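What follows is a group of structures, each given as structure tokens.
Shared between the two complexes below is chain A, which has chain B as its partner in the first and chain C in the second.
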Partner chain A sequence: MKRKGVLLLTLTLLVFLTGCWNRRELNDLAIVMGTGIDKINGEYVISAQIVNPGAVASTNSGKISQSAVATYSMRGSSIFEGIRRMTTETPRRLYFSHIQVLVLGEQVAREGIKEALDLLFRDHEVRPDFYVILAKDTTALQILSMIDPLEKIPATKLYKSLETGEKAWGSIVSMRLDEVIADLLREGVEPVLVGATLKGRVQTGTTDISSQKDSQPNLLKYQDIGVFKKDKLLGWLNEEESIGFSYITDKVDSTVEEIPCDKKHKIDIEIIRSKTTVNGKVKNGNPQIEISVSAEGNVGEVACPKDLSNPQTIYKLEADVEKRIREKIVSAIHKAQKQYHSDVFGFGQSIYHNDPKGWEKVKEDWDSEFTDLNVKIKVDVRLRRTGKVGNSFIPFIKKD
Partner chain B sequence: MELWNEAVASSEAGEREGLINNGHISARQFMILVTLFAIGDAILYVPSLTATAAKQDAWISALIGWGEGFLLTYLYISLSMRYPNKSIFQYSEDILGKWMGKVVAILFITYFFIDASLMLMEIGDFVTTQIMQETPIEIILVLFTVIIVMGVRSGAEVFSRVSELLFPYFLLLFFVLIVFISPQIQIENVKPVLAHGMAPIFGGNFRYMGYLLETVILIVMFPLVKRPARAAKAYILGSLFSNFFLTMITSVAILVLGADITVLLAYPSYTLAQKISIGNFFERIEVLMAVIWFITLFVKITICFYATSRGIAYTLGLRDYRQLTFPLGMIMIVVALATMPNRPYFDTFVSEIWMPYSLTYGLFLPVLLLSVGALRRKKTVC
Partner chain C sequence: MMDTEKQPALFHCSLDENLEKVKKELGNSTDLVTRQVRLEAVDQLLVGILYTEGLVDKNMISSFLESLMIHARKTVIPTEAEREVEPLMLMKDFLLTMGGVEEVYDFDHLYDAILTGDTVMLVEGYTYGFIINTKQWEDRGVQEPSVQTVVRGSREAFSENLRTNTALVRRRINNRNLWLETVQVGEMTQTKVAMMYIKGVVQDSVVTEVRERLGQIKIDGILESGNIEELIQDHTFTPFPTVYNTERPDSVAAGLLEGRVAILVDGTPIVLLVPAVFVQFFQSPEDYYMRADFGILRILRLISFFVALLGPSIYVAITTFHQEMLQTNLIMSIAAQREGVPFPAAVEAMLMEFTFEMLREAGVRMPRAVGSAISIVGALVLGEAAVQAGLVSPATVIVVSITAITSFVFPSFSMSIPIRLLRFGLIALAASFGFIGIFVGMIALCIHLCTLRSFGVPYMAPLAPMNLADQKDTLLRIPIWMMHTRPHFLRQKNSVRERKSKI
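The block that comes next holds the complex of A and B.
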């Protein structure tokens, strides 16, 4: 009898005990996919891109459907204040667990990013696995608003093209939040962030109609790497320097190197894998850095009459590619040393890793040491294959 | 005949304390209890505590802990083996006399109880910091206490079996965590090794030892194993296993997050789980991973709570410790809430005070009991 009573009580309690204390049902959540932070007149402007789940899932193609996202923005003297004040505009409370990108406006980056990052590192809702990017020559809100025909959600587009671009081209570096913060904390390395910028006319890109067309007159693209000193943006590395940066920091998976073979024509070499080791040490009180890159490539595109069946040509090409890579590396180092005085490559870190005692001697004056640093570069490229064909068909085209 | 007398004597002592219905636990179960107990809350705090002092060498601090853990366990075993089938509350009276013995027993009981309350606070703090920020911490404390009181009321035999059942899940989850985070390991993060000499490493080890010293509480469980020799082996093995797991989590935290980030984080192990992402598909499993420390903390608090109620029952000469569990549970919640006003207070307490405080009970008192016991025995022989 007593048992039955307990059982009954348990069953009754079950009815009342379903669910969490501060549950938030899916239809009460505004899932934020991307966040942007700008600074205008000394005040932060926070934008949040909220996904509209119904529109993302809709299959009625052909019809103009609802927009897949809604992007809100709100000013505030701090990030937190701005986010909470945004609830005066949004119908639902913002939910930050799924953000994929954080876009920082160029103005914020120039004035310092540290205040902007603290909330996202501290808040329990946010996972530290999203990418941080910069808006170059534009605002974060603008970057977040560009719609791409392949990805309904702009934040997802930013996330995916960052990963693809990093793998296949190499001028992009992806930085997650905790990596940025780690670079701010560690000695002997300064952070970098990749910049996204707009090309073409901005107005049409933000409307949903543009996604109905198949050719894109206006798009957003990743371009240049922003060089920081502490948490302040100093300037940019251009595409070539950015690839040089990727080589030095061993971030190149695959890229393409162009070798001119005469005035008009060139050969493209596809780098399929690359490995860089950086060795730093202090000798007689002078810091020394040795970079050695070993890469493997294939002949990708040939537009000139060269005899590729001859091994000597391949060796010549190897030497040319080595020269190209060296140029890129040198240009990146040169810019960081002479223009920005900022050790974005982590040379100091490398000295600290290999020669901690030596690092103690040079770390006080590292900025000026870095500027005059002597860097030895060794590049070794092996070309293996020439693709499906040997020689190009171009020289054999019949002449008339 | 002598053996018989001893057995009668020990069963009489047992009767007085209500030992009889507690049954016995196997050496295997004891080993699992030791392992899960020593991992306990350390799995949450050890990475950042050791890294605060030792930076990228935190894993060496943990590695040194293997030796210390072995020596400490050896001390506890020597003490327990000297008085087989008697609990620490009994033999402290045998050694130091009735009144001094009782004082030592009460000191131990306060230590057990404070430890239990602290850990209860930790689980509440973890849940309200990382998962459900708006839930009142009291609710979590009450729910967790209910389970612990249930476990302790069921007796040592029952919660030892529960630990035995939970152990495979613990192993599975732990290795899932380690294996799936391992692609993100960067060897650079541990470089340079030993750059600043041994001093910071011992600084990290100092805090790590605070956790090792807590294993003294398992001395209460020791007499429940029928054969002391097997219990001793289990004690040592369990201590080594737990050190293995703790060294593993410390190393992986440093290797993946880097020392600088690990230091800043309140719960580095949880952040590790958050970072798991296999092919952008197998990810966001951190709440599942949190089950790891729900298991270890459950075992640890239950043992601390069990030791407290057994101790009080013995000191007050009660027949059954079970009647104490409800009021003690309520007091534990209040103590947990009252002793820790905020997180920085807790951090300071753990990193600066806990180790010396534990040293009193984990090293000083056992050594005292052991040496006084040895001296006394000599005296009676002469």
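The block that comes next holds the complex of A and C.
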């Protein structure tokens, strides 16, 4: 009984004497929502966007005079050094678990991103499920500093518009950190990262909403996909090529295809479902790729007199959409093959998956094999519905 | 009796001496009534009557006196020549119109009788008398249950009278196998404690065990069944109740049908049922009266158990150790609330829990008249003022309120006490080690629960040890027509409950 009592006392003391190792109160943390990495004069510049919870949470919605975020930046010869040195500026310890985006400056991307990613992948505090984006023609700090009137936190704006844009338009692809690392490690595929860029009038370092009231809201947008070779940025795919890229890599959820119907007017087809399979094999020492896209769509917008009640018109439209998709795919492949020599589509991967033995033969000089690769494209589009109305009302508008 | 070695004190021949002795030994207590009557019809016998005022039925006393003083003259009593027996036996046969009449030979039994409400009749010249059953005392009567209320089901609750209580159970089980044993416990109080069980259903060893444990009690007084519960439970050091208690006769009847033993104590409306298992405290009588799908609420109660137990500690652990576990928007709004709060989350949670427990305690103890005043102050202090003053964050208030509500979900109040206790320990663990602490605490709790037994039955049965057949009445209640057997973990002699009664 006495020994039990001593044991119990020891255990109780154990609870209270530990000093609460690793305890962090919420109000001692600076929650980092977005991080940026730039490279200036050979030195890294780390920026961290810290949220001010009081200004964001709905309880204080009445007063928006407080700024919702503060973006700090600090130079350092390594990322870690920069982050730690930043505590000389920030009032609280930086807390990286809730990062939503990592913005890499174009300069960093061109010189290689591998060193920049190691810390964020290694540190236990950071969850590797945030999006990695590029700052196109500007710095990461600049991208992080742009305020949007709807989203008080720029990092959240970047995160949300990336997800919406990917789902509804398809010209941008979201890449999480773990996916980027996986693409860097796997054979037969090169990473891509979407670029964010500024448009219109730019105010440097504005983080206060009140100063943004009059300016046009959409100062920041995603544009183009950056093509990498190993960990270095080579160049960009434009919007059309980017959508082609999304088709090939089966990332299209929904998008819009425009088809000319006469000289001035167009018909828009909404793609509502799309499935792509890529088949790769090595035949007689020659790698071959077969892409087959099967998509479903609705008629979305009609600006010309066409008889949609006639099945032949629909068949014609289907063929046109197929052609349009094929064009996009071809342009993407062409640019990757001829200009960048970088297999961003993962063609090597699909050969490796379907024909592992064949892959052993071609993997040695895959770069040159890729450049001359013969790609067969099969597109199959079915149109399902024409919306609430059949034929367009435009031809029936009364004439003067 | 207290001292079995002592020879019982026998009556004198003289009635006066007997009466004087009784008066003296009861300290001339003023509620003792003595009365002398001369029976003219029966040999001019001088009869003394003793009873305690307030414990007897006044009507019975008056009709008793009537029979002695008036009817005795009219009754045809055999003449002296005809009778072969003593006049006293004659009286018993012809004059005492009451139901229960016994002979009494010594003072100890006399005291027992008059102090429990019987009337004693002594006769001049005889060394024995009669005990006449005239018990009847002020009683609350059968009222509606006040703690274990149900929407559908019987509205009867036990009262303080043991006889009423046994009758309430008997009215529900009209079977000759429903057996009742009574023992007197408490050397001073001589409290009547009754065991009820259904012979042929209950496991005999449980009955023997209960009987033995009751027999081993050596204490001056038993005032409530809680005294008995503490004295007969298997493990002394556990926050969990290993004896079930209820104020509902239908719960007791259901327990008896399952093969449990009920222990009724005179003077309290709370009846004990043993053996008790953990899941029993989550079962409400209503579960069996409503349709079977109502039994899904058991899961709600189980969830409430975990919320009530872990709510504040998980909140503390997440906000001080594992901020990455929360969704970004959520962490932001909690962080915003915590801005400017001077205490760590753990202190804040402890503070609020203490305040709530104090309010609850005050709510039970305070006089009814000041109740509303306290509740207004409590609501203001707990809710508005503390938050506005920036002493606690609204999130903590929400967590504490949810915990408070969930701790009242259990049909059995005795289960909410261990939860209230353990909650504080878990908050301390969470504040020191985060989730690791909570997990260690929960593992220790699991081990502890699995070591508990109630009258030989594992406390966690039928979950651990797992018995698939008994799951029918554990997390869910399956329809009654599918419940063919009584719960096996009670190891009844007869486990068949129901045979194809559904057409």
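Criterion: the second predicted complex is superposed on the first by the 363 of 400 C-alpha atoms of A that agree within 3 Å, B and C clash if a C-alpha of one lies under 4 Å from a C-alpha of the other, contacts with A are read in each partner's own complex, and residues count from 1 in each chain.
Definition applied: a residue touches a chain if its C-beta (ideal position, glycine included) is under 8 Å from a C-beta of that chain, and two chains touch if they have at least 3 such contacts.
Since the structure is predicted, the reported quantities are computational estimates derived from the model, not experimental observations.
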Touching A:260, do we find chain B (first), chain C (second), both, or neither? neither
So in the superposed three-chain picture, is A:51 touching just chain B, just chain C, both, or none of them (first/second/both/neither)? second
Among the partners chain B and chain C, which is in contact with a greater number of residues of chain A? C
Look at A:29 in the shared chain and tell me whether it touches chain B only, chain C only, both, or neither; answer first, second, both or neither. second
In the superposed arrangement, which partner chain does A:127 touch: chain B (first), chain C (second), both, or neither? both
Of the partners chain B and chain C, which touch A:95 in the superposed model: first, second, both, neither? second
Is there a shared patch on chain A that both chain B and chain C touch, and which residues make it up? 20-22, 97, 125, 127
Any idea which chain A residues touch chain C in the complex? 15-16, 18, 20-27, 29, 31, 33, 51, 53-54, 56-60, 95, 97-98, 100, 125, 127, 156
Residue set of chain C touching chain A in the complex reads 319-321, 323-324, 328, 331-341, 344-345, 394, 428-429, 431-434, 437
Hey, which residues of chain B end up touching chain A in the complex? 129-136, 139, 188, 191-192, 195-196, 257-258, 260-261, 271, 274-275, 277, 283-284, 286
Of all residues in chain A, which touch chain B in the complex? 20-22, 97, 124-125, 127-129, 178, 181-182, 185-186, 349, 352-357
